[in-house]
Amino acid sequence: MAVFLAQIVNGISLGSVYVLLVTGFNLLLLVAMIIHYSFPIVVVFSMYISWIVLGLTGGNMFLGLSAGIVSAVLINILTAPMFQHIMKKRGDVDINSTMVLSMGIGMIITDFLSHSVNSGFPIAFPDSLTGRGEPAFIRLGVISMSRGDMLSLTLGIIFVLGLFWILYKTRAGRAFRAIAEDPNGAKLVGIPILKTGLQSYALTGLLGGVSAVAMSILLGSASPGLGDQLGRKVLAVSIIAGLGNLKGGLIVGISLGILEALVQGYWSGTWSNSIAFVVMLIAILVKPKGIFGMKL
Amino acid sequence: MKRVTVIAMALLLAIGTFTFANGKKEEPAKKAEPAKSSFKMTEWEIPFLNCLTGPIASIGEYLEWGAERAALEINQAGGINGIPVKVTGIDTAMSPETGTVEMAKLTKSALVVMGPVPEPVILAAVPIAVRAGLYSFTATTSYEYAAKFFPWAISWFSPTEEKLPPVVTAWAKKNPGMKNVVQFVENYGAWPGMAKAHVIGLKKAGVNVLKQVDVPTDAVTFGPLVVKALSENPDGIVFACNAEKVAKLILELQSRGWKDNGRLLVFSSADDGALYTTGGKNIDGVMIYNYVDPNLNTPRWQAFRKAFKADHNGMEPFSLSPNYYDAVYMIKRAIEETGITGDPSKLKEERIKIRDYCNNIKDFKGLMFNWTNKNGVPQDKPLFLFKIENGKKVLVEKVIPSNK
Amino acid sequence: MSLPLYYYLAITAVYILMTWALYLPYRVAHLHFMVVANMAISGYFGGYAAINWHWSFLAVFAAGFLIGAVVSFVVSIAIGDAPTFAVVIVGFTFIYITKTVIENWPAMGSTMGMFGIPLVNHILLYAYLFVLVTGFFIYRFDHSRLGRAASAIFIHRELATSFGVNTKYLGMFLQTWAGAIGGATGVLYGFIMNSLFPNFFTFPIIGATMTMLFLGGYTTMWGPLLAAPVLWGAPLLLPTAVASWRQIIYGVLLIVILLLRPEGAITRPFIVKVQTTIFQWMRIKKV
């Protein structure tokens, strides 16, 4: 029983990574109507920026982590005109094109990281940030949660809840969603399109930056291929939950983490992806528009 | 409109016909240029089919650095038979398709080829070299890959199941109370085969292997795998997965109460920068086996090590760094000892001379030690068992597996 | 023909076929990545049959084509008219399953890869004959009522349905056809390379063929035909120092093309323009 509980806790820890990323991914779908397949790659890039600044400032946590967050916001704002340019032609061009554009951005970032940062080797964050080498924060036999687990989970929960609040309880959130659903209608009712559009990209960038901080603490390291690996899972989680469905993404993200942990724990690690995808396949065949329905 | 389509289709058909007319498979090097009495060698060019971009680009750079260092030393000492040597790096980007085209380019005139790197490119490109009678120095792959192409490819390693068990047995004997071991294995290339060899070594030492824990290639967190391993109550653990994953598994083990790092054994393929950068001080005390002893006190090795560190921000040479350095020197010796001229009219026979010489080279003076090849299999090459202390490897035991 | 050109053309044929295999289901807006799994299944079957049962290339090729068609047909019963992204998940699932099965199956060479697939004379001819035949049928399809129905589905699925287009049957037909092309191409690939490695049949080939499809143009069959030889061939000609940045170059090209020509380099209006120019030129010549 202890082993089973430990695997559930492990699954929640893994699932929290998916939740952070899928929330940002879904947010971009909701507020900008783009399939940002490479959103996890942008997050990993921000982790690298944090690592570089930490190195340059002699391990200044505040500056390092802030740089990561700022870089995610900047990338989102800088790439926004490209996505908007494609979205303007919607009707002629389908939403898939935004995914391909995002893949292009991802190719550039991933190759840049493998070429030019740390000779392509994985980067590792300092123990003072990740809590490595410290005794576990909570430990009951094999059940264990490190300081990093706790911190990243708390950070994730706070930001995801904050995001829900902004989107569904504030005027700005309503404006974001209105622009995504009908830009012309939003303009008619007096929503400043440019300003609100930029704010929405900045907000998703902020979430990406916070995700980068949480992942730096939780995972303790990153490699150039990490974003690509996560990208496929995040896309899958979003589709299974229902594209753009934030609550669905949360539940499916955690569930996928638990499922993978159980398969790895009780069967075989090499089969974990296959099993996870078979389960998701069954789910999508039963509910083609996602378990919780699309929110687009 | 239809006419245009017909033209387009005819064009495609023409390509097909053209290829049919010329689509013979590659021919051996017999078509080399006729002999010219005026031939004069100006430079020995050694092509190196390497991987300089993609996920293992950094490793490719280290391999190339070793080869170029050897060429530099040789040229400073007067070249090969007085003629300078040049290593030409060719990037396959880890793509078997690119590897085939690049290897095909070399079949016409190259005397010998270094590489390819890594295994997917070897499987696709070396058959082309074999058919053209071109000898490949596949110096970083395991014996099992190179053996498929014998005598036209050479590995720097003896058969895995002969080479690895003794060093694993030696590790087990350093931990007398250790009775039950779990092994983490990643399903990639030759690694499952290496894991099998570890099991042979453990059994020889009377150690029971409780379980193999499969590590997914794209694992992000490692809690589930570690809990699975610890639920078996092992008193020792062997790792056969990539360097970053090994470091993360060790950190996860420690967070769940694992204390004795001496009972953790890391395999040679994980001995690269990622192990040390990700593991930091937390991997102190961990045991690791490898083919290179960084503390070897010979002037040649120390000069190599110093130059490597100077060019790589103080990083120690990694386990495969000397392989292509040695390959260049082996080619030098083969050329000098067999009287190879580099004359294109003698290309076919000179390729065979190099092949036969290297496959059975005697007392080759490698960067770290001397060795002899017998039918393409290195004899009595040592392995080293280390303990990691302050991020550096400290020699615990030198093991010489005897070949059959 | 020189040996490098021989291999360049052979692999170009593989890329053209695989990009067409993606192109066909994309006519109804399906990103059918399952063709990569089809490629692996048929390729490994072909390799095994040739090595162990000594089947001839043509027998293996026909079997690979059929296996690809059957596997895709069975799956298409479930996803013939599924939403685009459900089809993506199916593709990912089959890629993971295929790779895992191969890696754990010693008869398929496991993680070491399959080696020793025999050489076949005139494989380049077979490859380009298959390109020709496939191209011909795709052309016929694109200019048929079915092709127009597919375009209608791409633009507005519901509207196409209300006009009487059977979206499910058309989706099934295209997925089955794409699977057959993928399967046959897997066999071709194995015989060209004489070896197979499980990692090839995963996400890098999706990235490469997607780039070819979207850069070349996804609205006509001619886009892949142009993009495959150029994108795969360019790095072979560039100096190593430049070629080593190929992924970044592809990424930049992808972005630029999507921004400037969202439907890719070769679009339908472009084809019409080219055809008109050729007709005019021919008339002038006649006069």
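A, B and C are the chain letters, set down in written order, and residue numbers restart from 1 in every chain.
In this text, a contact is a pair of C-beta atoms (placed from the backbone, for glycine too) under 8 Å apart; a residue touches a chain by one contact, two chains touch by 3 or more.
Remember, predicted model here, so these are calculated numbers, not experimental data.
Q: If you take the chains that touch chain A and keep only those that also touch chain B, what is left?
A: C
Q: Pick out whichever of the two, A-C or B-C, is joined by more C-beta pairs in contact.
A: B-C
Q: Which whole number of Å gives the spacing of the CA centres of chain A and chain B?
A: 37
Q: Find the geometric centre of each of chain A and chain C from their Cα atoms only, then give the gap between the two centres in Å, rounded to an integer.
A: Whole-Å distance between the two chain centres: 31.
Q: Touching two or more other chains, which residues of chain C qualify?
A: If we look for residues of chain C contacting two or more partner chains, we find 103-104, 244-245, 247.
Q: Residues of chain B that contact two or more other chains, please.
A: Residue numbers touching two or more other chains: 53, 57, 187.
Q: Provide the list of chain A residues touching at least two other chains, using ranges where the numbers run on.
A: Expected reply: 111, 115, 270-271, 273.
Q: State the interface residues of chain C toward chain A in the complex, per the touch definition above.
A: Where chain C meets chain A, its residues are 29, 31, 78-79, 82-86, 88-90, 92-93, 96-97, 100, 103-104, 154, 203, 207, 210, 214, 244-245, 247-248, 250-252, 254-255, 258-259, 262-263.
Q: In the complex of these two chains, what residues of chain A are touching chain C?
A: Answer in residue numbers: 82, 85-86, 89, 92-94, 96-97, 100-101, 103-108, 110-112, 115, 228, 232, 235-236, 239-240, 243, 270-271, 273-274, 277-278, 280-281, 284-285, 288-289.
Q: Which residues of chain A touch chain B in the complex?
A: Its residues touching chain B are 3, 6-7, 9-11, 13-14, 17, 111, 114-115, 118-124, 127, 132-133, 135-136, 139, 142, 144, 146, 218-221, 223-226, 229-230, 260-262, 264-266, 268-273.
Q: Could you pull out which chain B residues touch chain C in their complex?
A: Per the stated touch rule, the residues are 1, 3-5, 7-9, 12-13, 15-16, 18-20, 22-26, 52-53, 57, 89-91, 93, 96-98, 100-102, 104-105, 107-108, 119-120, 123-124, 127-128, 131-132, 144-145, 148, 187-193.
Q: Under the stated contact criterion, what part of chain B meets chain A in this complex?
A: 53-58, 61, 187, 213-216, 218-221, 223-225, 227-228, 230-231, 244, 247-248, 251, 254-257, 272-274, 277-282, 312
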